[in-house]
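You will see subunit A twice below: alongside subunit B first, and alongside subunit C after that.
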Partner chain A sequence: MSLKADVQLDAKGLACPMPIVKTKKAMVGVNDGQILEVQATDKGSLADLKAWSESVGHQYIGTKEEDGVLLHYIRKSGDDKGIEKKFEQTIANEEVIDRAANGGMILDVREEAEYAFGHIEGSKSIPMGELEDRLDELDKDQEIYVICRTGTRSDLAARKLSEKGFAKVYNVIPGIGSWNGDLSKKI
Partner chain B sequence: MAFVKMTAAQVARKVIENQPLFILDVRNTDAYEDWRIEGHNFDYLNIPYFDLLDGVEEILPKLPAEKDILVVCAKEGSSLMVAEMISDAGRDVYYLEGGMKSWSSYLEPIKVGDLTGGGELYQFVRLGKGCLSYMVISEGEAAIIDAVRFTDVFTNFAKEKNVEIKHVFDTHLHADHISGGRHIAEATGATYYLPAKDAEEVIFDYTPLEDGLTVKIGASQIEVGALYSPGHTIGSTSFIVDGKYLLTGDILFIDSIGRPDLAGLAEDWVGDLRDTLYRRYRELAEDLIVLPAHFMIIEELNEDGTVAKRLGDLFAENHGLNIESEDEFRHTVTDNLPPQPNAYEQIRQVNMGKISPGNDEQTEMEIGPNRCAVR
Partner chain C sequence: MSNKVAIIASNGGLFDAYKVFNIATAAAATEKEVAIFFTFEGLNLIHKQAVQQLPMPEGREHFAEGFAKANVPSIPELLEMAQEMGVKFIGCQMTMDVMGLSKEDFVDGIEVGGAVTFLEFAKDAAPTLTF
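Take a look at the complex of A and B:
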């Protein structure tokens, strides 16, 4: 199963340093928040892409192996932690599991690849960009706990839901990036 | 300016001759901190190659003008790229041929000493990995102990010395590197010995290495005698060569002692380790020269590049031989053990003959430092 990526880069058969050199170039054409999939066969590309992403501020999401090809997922620039969060109804990471157990829903608005490499068991995935078109999948009478990596995208999503008439919406702070509990994978 | 390749053999000479070298290691920081080329007089700068893609101007002032500069990476590609950039910026620079991969593989044979009747004892120092192998040579014949997997080095050396390899020993079932012992024996018709207690799961034929076994090498009949010395593994066996040298395998090192946890639970073998180090070895002559199967740090190398020290000196100086309380000893070798060597479980499977990975995979398994010791 291939994960959704906005841009794909074929670096198969290339030896170090070429996978990183090509990734750096490809990143120029990727928009902030979009996901780049790097296909590589050089085993060393894993550690290097991870370290490179961290050093330049991109979000390394994860790597999976398919038929001997490593598929690396990187999100350009990641969340901007400096952005002010405006939605007032929030709950903390620590509360969300208990609250959801009482009938609420955890809505994960990160990209599909981010969700695939680590999400809260039982949470629903609707990436931020698809939210407006998928409102009919949500129930206005149910409490909805919107979560992302750092609380920025979920803030935006919570405001959007509120505008659309969802009253029982909460932004989960700070989000999956600081999650201490177990996360499930779907890769 | 020029960028020129430097071979692992040339770097090895610089280590052994205590020459200066400035190493610009362009691997990522984790890899560098885990494992690097060690030399008495080496200086280092670690900047990952991917931080240099936009240019090397910022690091030029950090590269000393009076020293050779060697750019090092995992397999060569990135070091070549960075070396070319530095050379374009007007500086002379070397890159390491084959990268850390070739450094990990390189063996430097160094003569330890002469044996009775014109015999010789050689130590094969694998500087990049800290492995030590041995060849006992006497007129016409040779025995090899703890050979690493680069079998050609040993068979070619035997050819050069005009000796026939008759006996190949492993002191124990290794967990940190892949043994070349069995393959050398197959190629040369030599007998391959392994301690039976370490070999319960092996799937090939071997001759059991038993306590007290003695073989005689060549015209001058140099004695290589086995001494059961468990603790690192339950089968671990030492050798006494020509009444002068004690080959300790992974039981006793120059500045540390063996760890008892790589093939099972530390608690099971700590008593054996204690008994070997504090009783069996104590009964031996203090003038024996200890030759271990590993070194951990570059300070353990002697002036001539060998790793060897008098047993009596180790009794005086090695911390692991000077822990009076058995309880404290138990804590030292079971608590706070260093991280286990890379892929050690797979390496044991290879050494048991259960899996036969290709050369590249073997290289991957052996990447990184050896970690067989407790200090």
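Take a look at the complex of A and C:
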């Protein structure tokens, strides 16, 4: 099953350094925060795209292999740590599992591909961009712990939920990027 | 961290060309500022005619098949790509004088300069590579 990507790049059959060169060009057409899927058959692209993403400042999410084709997922300019967080009800990474066990829900607002490569077991995935249209999947009486990678998108999501009348909302700080527990890849 | 990669190309075979242009295009794609100083046989890599038929090392001619199979881009393609991505080509004036070549013998868009031109670029580059 292919994961949801905003832009797809076909770099199949190309040898080094072409997958990198093509990825660099394709990134121009990707907006901040969107996901690029790079399809490649060059085995070197696995290490190269990861190193490239780190060097240039994008978030390398992960790679899966499908019928001999490597599918690399990269999120553009993934570093949003500098943005100020405003939502006041927060909860620490360490506390969230225990709290959720008492009937709360962990809501993961990262992109589908990020969720697929590692999430807290039992958490629900609603990407930030879909949140407004999927509010009916959430329960206003339940405690909701909103999580993302660095706490920035979840801050935004928590504020949005609060505006919509969800009172028991918490932003999980710092988020999956600093998660010490187990992460599941099951979808 | 330095954002510059400086490359010296001093050999003129097909394999040399791949080493030079692969690293250069990969570095440019990683948003580095790249300059290549072409000197002695390295000038073949940007010579209008020579670059079209760079020699394989003797006894390695059978690699031609491997290049085709791996779908490796041709050197003229890589060269064009490198230029398109802003890689700076500097031809060595002294070597050109010795070989009786002028700027017109080379692909468009090159600069011609002496050792100091390259050294000035390379002084704060990391890495500096020689092929």
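Here is the rule we go by: the second predicted complex is superposed on the first by the 184 of 187 C-alpha atoms of A that agree within 3 Å, B and C clash if a C-alpha of one lies under 4 Å from a C-alpha of the other, contacts with A are read in each partner's own complex, and residues count from 1 in each chain.
By definition in this document, contacts are C-beta pairs under 8 Å (C-beta built on N, C-alpha and C of every residue); 3 or more make two chains touch, one makes a residue touch a chain.
Not measured: the values here are computed from a predicted model.
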*On subunit A, do subunit B and subunit C fit together or clash when superposed?*
clash
_Just checking: does A:G13 make contact with subunit B only, subunit C only, both, or neither of them? Give me first, second, both or neither._
second
*Could you look at A:K186 and tell me whether it touches subunit B, subunit C, both or neither (first, second, both, neither)?*
neither
*asked:* Looking at A:K164, would you say it contacts subunit B, subunit C, both, or neither? Reply first, second, both or neither.
replied: neither
*May I ask you to decide whether A:S55 touches subunit B, subunit C, both, or neither, giving the answer as first, second, both or neither?*
both
*State whether A:K140 touches subunit B only (first), subunit C only (second), both chains, or neither.*
neither
*Would you check which partner chain A:G44 touches, where first means subunit B only, second means subunit C only, and both and neither mean what they say?*
first
_Running through the overlay: 43-51, 241-249 or 295-303 are the candidate stretches of subunit B; which one clashes with subunit C?_
43-51
_After overlaying the two complexes on chain A, where does the subunit B footprint on subunit A coincide with the subunit C footprint?_
15-18, 20-21, 24, 48, 52, 55
_Touching residues on subunit A, where the partner in the complex is subunit B_ = 15-18, 20-21, 24, 43-44, 47-48, 51-52, 55
*Write out the stretch or stretches of subunit C touching subunit A in their complex.*
22, 25-26, 29-31, 70-73, 81, 85
*Any idea which subunit B residues touch subunit A in the complex?*
28-31, 48-51, 53, 73-75, 77-78, 81, 364
*Contact residues on subunit A for subunit C in the complex?*
13-18, 20-21, 23-24, 48, 52, 55-56
